[in-house]
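We call the chains A, B, C and D, going by the order they appear; numbering starts again at 1 in every chain.
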Amino acid sequence: MKKLSAEIDLKVRFSETDAMGVVWHGNYLKFFEDAREYFGEFYKMEYLDMYNNGYFTPLVKTEINHKAVVYYGQAVRVKATLTQCAAAKIIFDYEVINLTTNEIAATGKTIQIFMSEKTRTLELIKPPFYEAWENQQVWTQI
Amino acid sequence: MKKLSAEIDLKVRFSETDAMGVVWHGNYLKFFEDAREYFGEFYKMEYLDMYNNGYFTPLVKTEINHKAVVYYGQAVRVKATLTQCAAAKIIFDYEVINLTTNEIAATGKTIQIFMSEKTRTLELIKPPFYEAWENQQVWTQI
Amino acid sequence: MKKLSAEIDLKVRFSETDAMGVVWHGNYLKFFEDAREYFGEFYKMEYLDMYNNGYFTPLVKTEINHKAVVYYGQAVRVKATLTQCAAAKIIFDYEVINLTTNEIAATGKTIQIFMSEKTRTLELIKPPFYEAWENQQVWTQI
Amino acid sequence: MKKLSAEIDLKVRFSETDAMGVVWHGNYLKFFEDAREYFGEFYKMEYLDMYNNGYFTPLVKTEINHKAVVYYGQAVRVKATLTQCAAAKIIFDYEVINLTTNEIAATGKTIQIFMSEKTRTLELIKPPFYEAWENQQVWTQI
């Protein structure tokens, strides 16, 4: 399988904690989004690029597996890995490392589809601009 | 001054607490928004009514005064009071009561202006549809 | 399998929408939490009951499947269904119905474990107080 | 008056936007918190330092003045300025600059008090550790 990764370091916000003193579980989806956006910036394929080409890429599935807690005052490294996919889908896997403890705090996955802005219908094949972008990347074979 | 009030009861969400075990201070703006929307429903002047009449009503000022904490598991009553105003502004005052302790947890204020959807400019006089709505309300003189 | 359900109706908050004009995907975890808490209230097994018995029940897995969007101004019905489980786990399935369109907006799942407050370790068998609660419920056989 | 400032650049998160396509007004309090925390890191007086000295510093007042919108994809610079204060209060002023347009998007203010962790009561005079910290800083006279 062909993979492409990017990682970003984030400091936990006080507003992201909950009454247990740890990051509220749902906020990991914000960490995933941050990593996905950083990936987009890094590899030059951002939400706005999608949009300017006439597509939305809504999420159809998200999944988080919690392994260890992250406390306020700790930082995390979030790695987003795109797997090249024959279908018209964007599949990312995530790993969140607690940089203070070196533990894996969470792993996860998101799946996005392509939706035409005009017709608001699901695209069954990958848009040409996206396939062109895929062909320009230097993927890692795993 | 002429006043109009509505109040709504809310249960604190776990995701709204922070690592101090209490409602994170910024979430009171969500409580204010909930009360403002309930006010809109009750008196039939909602965001979507504004929008359908060609206006946005963005917030230009918000203010929160914190008096006492609210813990997870507690409920609050949020009262939103509109003060009739000669200028083209929507001014609400808020009071958040902790229903478990009967303490005032917070007070606050928001100011909104009218902005034409077409021109994206500030309206200097109240839109006629809004003034018509004002005239239909039974205000309390204070 | 033995099931127990509760459902709650929620109005979408303006602060829960995103720049696409729909509920931001991560906010469904707040809807799930609301439904789970309402379930707890209804069947008398709340977070605080767990806590008072010496247990936390952290989430170890969450999953959301998005089927249709929900716009600001729409309401949703969130159904949380607990499946009785031999292992020391709390497994909920969720269904989010857009009450304006009658479409299924999302489905999902959460898995929680029991953690002793004192030892901060995973419980391998169900705590007695929880098993006693299970035995008092009127489950639906599906 | 004696002032001390720090500034931080932030990229707007997609989850921070609302259905108007702009940053939801309440999220500016997260920007303020980010700037305040960065200030704390920079000048070595963080929440955890307060806590380790036996104090909480809860917010008693927050205020936001909105001047211009910030869209998704734009970045902001948030400047937090502490004003030295004779009373036992921590007073910050904020300025949020939209780095894409160079406009001031918002200004604001927060006031925090000192609360003893043990007695949970308001401190009427500044804690010695905090006054010592104040005396070590190089303030700007304005």
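What we mean here is this: contacts are C-beta pairs under 8 Å (C-beta built on N, C-alpha and C of every residue); 3 or more make two chains touch, one makes a residue touch a chain.
Here the structure is a predicted model, which is why all the values come from computation and not from measurement.
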The chain whose C-alpha centroid lies farthest from that of chain D is chain C
Dup interface of C-D (contact pairs over half shared, numbering-based), picked from A-D, A-B or B-D, is A-B
Set A-C beside A-B; more C-beta pairs touch across A-C
Cα centroid separation, chain B vs chain C, in Å, comes to 30
Separation of the C-alpha centres, chain A versus chain C, in whole Å, is 24
Separation of the C-alpha centres, chain A versus chain B, in whole Å, is 35
Among chain B residues, those touching two or more other chains are 14-15, 26, 29-30, 33, 72
Given the complex, residues on chain B that touch chain C span 11, 13-15, 29-30, 33-34, 37, 46-48, 72-73
Residue positions on chain A within touch of chain C in the complex are 20, 25-27, 29-30, 33, 56, 58-66, 69
The chain B residues in contact with chain A across the complex are 14-15, 17-19, 21-22, 24, 26, 71-72
